[in-house]
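The two complexes that follow have chain A in common; it is paired with chain B in the first and with chain C in the second.
So, the complex of A and B:
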């Protein structure tokens, strides 16, 4: 028998998964070498969604960058908005009003909710649990309805401004959120019943794509994937920004760092995000949402139409862009996938000299070969789902 | 002689009509609508004729028209003969198997004995298994002849899965054969008159094993690894289009109907109603005269049988839309390490009980 196996001519099979393949949501290509069903070699090719984000930013005014940041992680665009705004504000030295900070926390957490809901839903879908997918997509849709009522758009929100917000929360937002969360919690329980104790689902996720904590740190993991490995690192706790230090929430961590832990971490973070939003809505102070610094943030239209100083500031900031003092800054926020950081360089002109993004899913995607080599072809599916690579953010 | 021929043709046309004319198109609609109901959606409701949508019932029709008019594509480098043959091989066994499934009992009408089965074979169950395994060739051939790596992987998975589940499936049925002492499906069906003598009560473990194996054999979720769309695109029928694609589709649905028919015959009391015996029904229908009452009894039995089939189909669809997909090695493990030993133990226990009785 052993002689036969030795003399039998076998070959590895090389297949291209993607760029258009059901598992590669977002465009990415895997070059997989298979021995039967076992993965011998695995190569990730990214860049299909490269748009030149950083170069585009250098040709826009500081304010015009916001719509581009929407397209980074398009499942949670407002977190990117907030991250960029905070970085610029740090460079200028603006401290936004309390109400603005609370509203930013609320919309950030709603975005995180939408992102995690999509992620868990999509992984259900790709493992064949179509029903769980649609339950969470319904929940996400309700969250998007909320965000739509805030900023008028569901996906490309463009809501945050340097030194403030586009507009205040609409009337009755708190009550509406309460209703939406009630339904979301029902759907969460449904999906929890469908997946968390489902033997097939557990078998597919458990002990697949394991990443020990030391290696996870070495690979540059952040966010839910790092926490699933047991490292309690969350930017919201490690370097609290906005008003996260005044809000009571927990960060769930996993034990093993396998896909099931990543799933559980995300499921728990959905609950925690809802908690944060509810607390922030309760504590929401009255007051302005924009800073009173006309050289950075537009004043109200009434002032612009009636006061000459306001009109001049408006003209200057719209045509030439706001003047950010020269210098450089790095500011990280906790994105849905991990640490989203903006590294900005200003030369004192109206445009960013350099706008570099630290995408959380780039290191995660880079670790794919490490996690799936030696596993079966079917293991690519849950691992890649739980990495939650977003093409727009990874390729920029 | 001619009467025999007419009877045989009538039965064949009936079975063929019900399967091809009713179940094959309707199941596509049922699958969409049932999943829609389960998932808080509306489901298929767009196809219409003069504004009448008939709750989406026109979708199978429009699907068929669409697929017939599509290009029948054979990829470069594919084996044309086998590529064309494969869908036929996978559809035909599904239809032929129904020939031995009795959809009613035996009746005396106008002095003529009518046995409601197309072919009353002495080795009915063996015939079922023989043809069920033939369908695998269609899948494997499709995967092999398409000259596509995804199809190839799908074909290999199908071959491995069929092999492992065929064994457990065959063994799971031995218990029921021992209990009823017959391989003839009509006899097994006729023996389940009493509600508590249904196969599901005499062989509960056998029922669960057979149902699981049957779903695996049909390649339905959670056992749909040969066509796992997120892993290997569409598996063995990646390279199929037009009518050949629809034939695989129909084959899958008809296999589901056939396997439900076999499950109903073996485990769910065939054409008998629970707690209401045929004699009782006959006396109820007494007002229609001797022949009329028997015809009505026959109709009632056929309706019961197909009602149970529809229930089983509903059940399989519910499973399909609830559970995620297994992994390849987990399916193998389940088949060889769990199902096979349990079915062997089941045979052993059944043997002991039959012997001691």
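So, the complex of A and C:
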């Protein structure tokens, strides 16, 4: 028998996973070389959703970029809106009114909630926990209903504007949010019971895809994946923007940096995001939501119809776009996946000379080979789930 | 008030730093491309700087300028909570720059992307091929002289 095993002819097998595979939500292709069930080599091919984000931005006015940013991380579009708006405002030198900042925090955190809920739900689904998926998708739908009442769209929100917002929060938003969060917390507890101590779930996630802190930093990890490795870096704490420094929240960190830690970090961040929204709603000050700078932000329709200056500026900004002074800035915000940074270059014309976004899941996806080499083929699924690659953001 | 990073860079590499500025609070150093590897290594390893994150790497095409391209690095220091932008002019006639993968491994894909979209060659990159576009794509779409509505047939992989 031993002779037979020794002389048995074996060779590596190459498998294509994707680009259209149930696990590769977002189209991505893995080229997996297998020795039995063990992964010997792993190659990621991205770019299936590349649509030339930067080229499009360079040929749009500054305002027209917003719909494109929606389609970067399409699970949390408002965070991208906010990041881009803040970058342009930094370039111009605008400080938005207090109420606008609070509303931006509220909608950002709602987006983050939707993103994390989707992530945990989809991961559960792919590992066989269909009930958890249904529960969290219900919660996500409630959050989307809230966002719909704010900006009229569930997915492609296009809500934030340079120097302000499209519109104010609707009446009764606070009470509505309270009710939604009550239900979300119930669902959170249910999913927590279903997954966190579930033997099958733990076995699939624990000690898989481990990333030690120093390596996570070298690979450019940010967001929940970096914090799961035990590095407490969060842009909201490190370099607070908007009003995050006036809000009390914690950033959970993991111990080992395996997939289970990433799951736990996301679960806790769901709670923290709800806390942030509630505090921001309590503190929400009255006042305008737009800056009083007609050359950058339209004034109200009343003004436009009655005052000649407002009318002129409205005409100029609508037809020619706003004029941003020459210069360059980089502005990072904490996206749902990590640091979303906008690097803008302006040459003083009405269009961005360069509009670059730092996609947080791009370096995360790049580290996939590092995390799964030597593991089993079944470990690709949870690792890729917890990386949470979003095609729209990774491929731009 | 000049930030510590710019001060130290000027002290250590007086000949390589061409210009510095802090527009809107973003510290920026424009450096010569021959010294980019040395400078990055210094920024990562110096005890008072420790720029351990390579946050972003991209390029800009200043079409019509003397040195056409600029490779832009955004670094972040976790310990000191500082950021810096390093810009390196790259002329079109010699469109190459040293790869910084040995310093920050995550530069791998970012450099491939800059090569893909701008055609900048990163010397020493182990696997410099297109990443977002397909291999048979002709030209580099983010160059300013590439037409906005330029269309190319999608060709299957060469076998």
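Just so we're on the same page, the second predicted complex is superposed on the first by the 390 of 396 C-alpha atoms of A that agree within 3 Å, B and C clash if a C-alpha of one lies under 4 Å from a C-alpha of the other, contacts with A are read in each partner's own complex, and residues count from 1 in each chain.
To be clear about the criterion, a contact is a pair of C-beta atoms (placed from the backbone, for glycine too) under 8 Å apart; a residue touches a chain by one contact, two chains touch by 3 or more.
Please read these numbers as outputs of a predicted model, since none were measured by experiment.
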Partner chain in contact with A:59 - chain B first, chain C second, else both or neither: second
Partner chain in contact with A:200 - chain B first, chain C second, else both or neither: first
Chain B versus chain C as contact partner of A:356, first or second or both or neither: second
Which of chain B and chain C A:94 touches, first, second, both or neither: neither
Superposed model, chain A: greater residue contact from chain B or chain C: C
First (chain B), second (chain C), both or neither touched by A:31: neither
Doubly contacted chain A residues - partners chain C and chain B: none
Of chain B, residues touching chain A in the complex: 35, 38-41, 149-150, 152-153, 157, 221-222, 224-225, 228-233, 321-330
Residues of chain C touching chain A in the complex: 23-24, 26, 28, 52-56, 58, 60, 72, 74, 78, 81, 83, 85, 104-106, 108-110, 113, 117, 130-134, 141-142, 146, 148
Interface residues, chain A side, partner chain B - complex: 13, 15, 21-23, 37, 124-131, 134-135, 138, 194-195, 198, 200-201, 203-204, 376-381
Footprint of chain C on chain A - complex, ascending: 46-47, 50, 52, 54-55, 59, 90-91, 93, 217-220, 222, 231, 233, 238-239, 327-330, 332, 339, 341, 343, 345, 353-354, 356, 358, 362-363, 365-367, 395-396
